[in-house]
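Notes follow the structure.
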């Protein structure tokens, strides 16, 4: 056991190893940009393994044991009538195992029907409320700051929303006044999609900036690992796997 | 038995909520609490189901798949995590947490950040002014990007104001038009579930 | 000219990848490449003012709905709001709707404790991790309105005077998806006050809620986080520990210049081809 503790303290808990690890994994995944390769696959499976292992251990320690096993044990040691509900819930939950079976799958239907209807039940009034709030409060800031800038915005919102809805109105052919409104509607929707696209580009690049910061902060490991992975990729694609893969055409 | 009773249960559950909305009171408070703990307990059993499923999928892969060594490796990593977790616990500073912070975090964040590169190359290939609509799209996108980066403001102090106008005016109008449609669609869907017309969540 | 257009048209995508990569990484070594000053948007100012206006002993609720994928944008925001609350002796409840977010939050608080001025904060007194529950956020919210403490099964001095979620003064939801909309849809029923910190991707989707007053304040993307950091630095926080988002601003500028360049070149190819009515 001492040996195991010694190994753990000097590998995974060592700050130098930790720095190299995070840089190594970052560049391993980035190597996918060049082409799909075994290093990327290795990283992918490490990722899946850690996330599953993390989920298992975490939910075992902090969810399954405190919320299920401890109450079950307590009810076994000191039985109260209320504890029957717990047993009942566990039995209901166990019906989900029948989803694995092909002809006994309907047993799980009882639970799924209840859950879906439970969510649907509270959603119906809430959806109606949300619709009215969005509709009624559209003009709110206009009365708070009545400047020209704000008023121009709210004109666009009122007519833009109407025009956008008219574009989705398919019960009548888009000709005449309806056609013109729908045309404005599609321009409004295009501006909306453009803004969303611009924001998406920003968001995605910001994610990479987070990784770039890690690489820039650990400059020595970054350079060493980048060079060695480049050499590896060169050798792999030059001598080991010569034919181009199918995914090259799809991904690049 | 296989479908009719579940649908009846569903109908009663929906009506129960509907009544609750109009006469919220103490009885309903307790009723909700019972169901919340119930949902939690059932979901815990669901977690166990999920664990069994992971083992099942990996067993099949190891038995039949060509890439079986990757699955073996994945199971090894899971076992390592379980070992670390049982050895020293799971709070910050333990080997379990170090595996997460220096293994999972870079892997997860980098996989997602690959999208940045694909977005860049996609906009180079296909972000072209082919019609009036696409011109609107492109101009709005560029103005929003300029208004949300510090350089845009340094170039011209009015850029954030323009960005705000686009965001508050046309963008929110377009979004709202979509939102109204989504609310009505969601409402229809929920009513279908309540009356048992929607059955896709039930198995045969 | 034709040769140039031909090269552009047949350009291997990996050159674009390389340029984006370099444009993100180089500014970290030359941070003074671009001007650093920028104004604060009114949504960001709103979140700051609300938390600043709370009294000592009030409570805020942080909804930590992100995992390491989105930490570049959302972690600096969450860090700043939590630090601001801790400065003002406001109690912080952190709830994690995603399992993989928990370690991120626990490590953040451990790191904050190492900074000067935060050595004495204690788990269970000044802040608490409420953990993850395997049920939907809507169910958790219903349960929190029945009994706040029993929902999570945790104990501590921090729960004093907090019977239901209604006793919490403000909540901020950090997410990179439509997740805050669940809270927004239940808001008319319970009437809590909430703000959001979102990635740039979902930012435009949240604007309608901001206009109707359902969202009270919003932090938008990396720039929102940087604005928040500047607000805190202005009111006396130390710059050394509060510039995670600001450090990325120069990269944001340069990488977008490269993006504009590529969009421009793509259009150049398109118009050249259309003008001469031929495909190269």
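Which chain is which? They are A, B and C, in the order written, and residues in each are numbered from 1.
FYI, contacts are C-beta pairs under 8 Å (C-beta built on N, C-alpha and C of every residue); 3 or more make two chains touch, one makes a residue touch a chain.
Every value quoted in this text rests on a predicted model; they were computed, and no experiment measured them.
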Next on the checklist: Is the chain-to-chain touch network here best called a line, a ring, a star, complete, or other?
Outcome noted: complete
Checklist outcome for this item: By Cα centroid distance, the chain farthest from chain B is C
Item to check | Pair with more cross-chain C-beta pairs in contact, given B-C and A-B | outcome: A-B
Checklist entry - How far is the middle of chain B from the middle of chain C, if each middle is the mean of its Cα atoms, in Å? => result 17
Next on the checklist: For chain A versus chain B, what separation do you get between their C-alpha means, in angstrom?
Outcome noted: 5
Item to check | Contacts with 2+ other chains: residues of chain B | outcome: 37, 39-40, 43-44, 46-47, 100-101, 104-105, 108-109, 111-113, 116-117, 120, 123, 138, 142, 144-145, 148-149, 167-168, 171-172, 175-176, 179
Next on the checklist: Which positions in chain A are in touch with at least two other chains?
Outcome noted: 30, 33, 51, 54, 58-59, 62-63, 67, 119, 122-123, 127, 130, 134, 138, 157, 192, 195-196, 199-202, 204-205, 207-208, 210-211
Item to check | Residue numbers of chain C (touch at least two other chains) | outcome: 13, 17, 20-21, 24, 69-72, 100, 103, 133-134, 142, 200, 204-205, 208, 211, 221, 252, 256, 259
Checklist entry - Where on chain A is chain C touching in the complex? => result 30, 33-34, 51, 54-55, 58-59, 62-63, 66-67, 119, 122-123, 126-127, 129-130, 133-134, 137-138, 140-141, 157, 192, 195-196, 199-213, 215-217, 252
Checklist entry - Can you list the residues on chain B that touch chain C in the complex? => result 29-30, 32-33, 36-37, 39-40, 43-44, 46-47, 91-93, 97, 100-101, 104-105, 108-109, 111-113, 116-117, 120-121, 123-130, 138, 142, 144-145, 148-151, 153-154, 160, 164, 167-168, 171-172, 175-176, 179
Checklist entry - Considering the complex alone, what residue numbers of chain A touch chain B? => result 4, 8, 12-13, 18-19, 21-23, 25-26, 29-30, 32-33, 41-54, 56-64, 67-68, 85-86, 89-90, 92-94, 96-97, 99-100, 105-106, 108-125, 127-128, 130-131, 134-135, 138, 149, 152-153, 156-161, 163-165, 167-168, 185-202, 204-205, 207-208, 210-211, 214
Checklist entry - Contact residues on chain B for chain A in the complex? => result 2-3, 5-7, 9-18, 20-21, 34-35, 37-49, 51-54, 56, 67, 70-71, 73-82, 84-90, 95-96, 98-117, 119-120, 123, 132-134, 136-145, 148-149, 161, 165-181, 183-184, 186-187, 189-191, 193-194, 201-204
Next on the checklist: So in the complex, the part of chain C that touches chain B is made up of which residues?
Outcome noted: 13, 16-17, 20-21, 24, 34-39, 41, 67-72, 100, 103-104, 106-107, 110, 133-135, 139-140, 142-143, 146-147, 150-151, 200, 204-205, 207-208, 211, 220-221, 223, 226, 249, 252-253, 256-260, 262-263, 265-267, 270
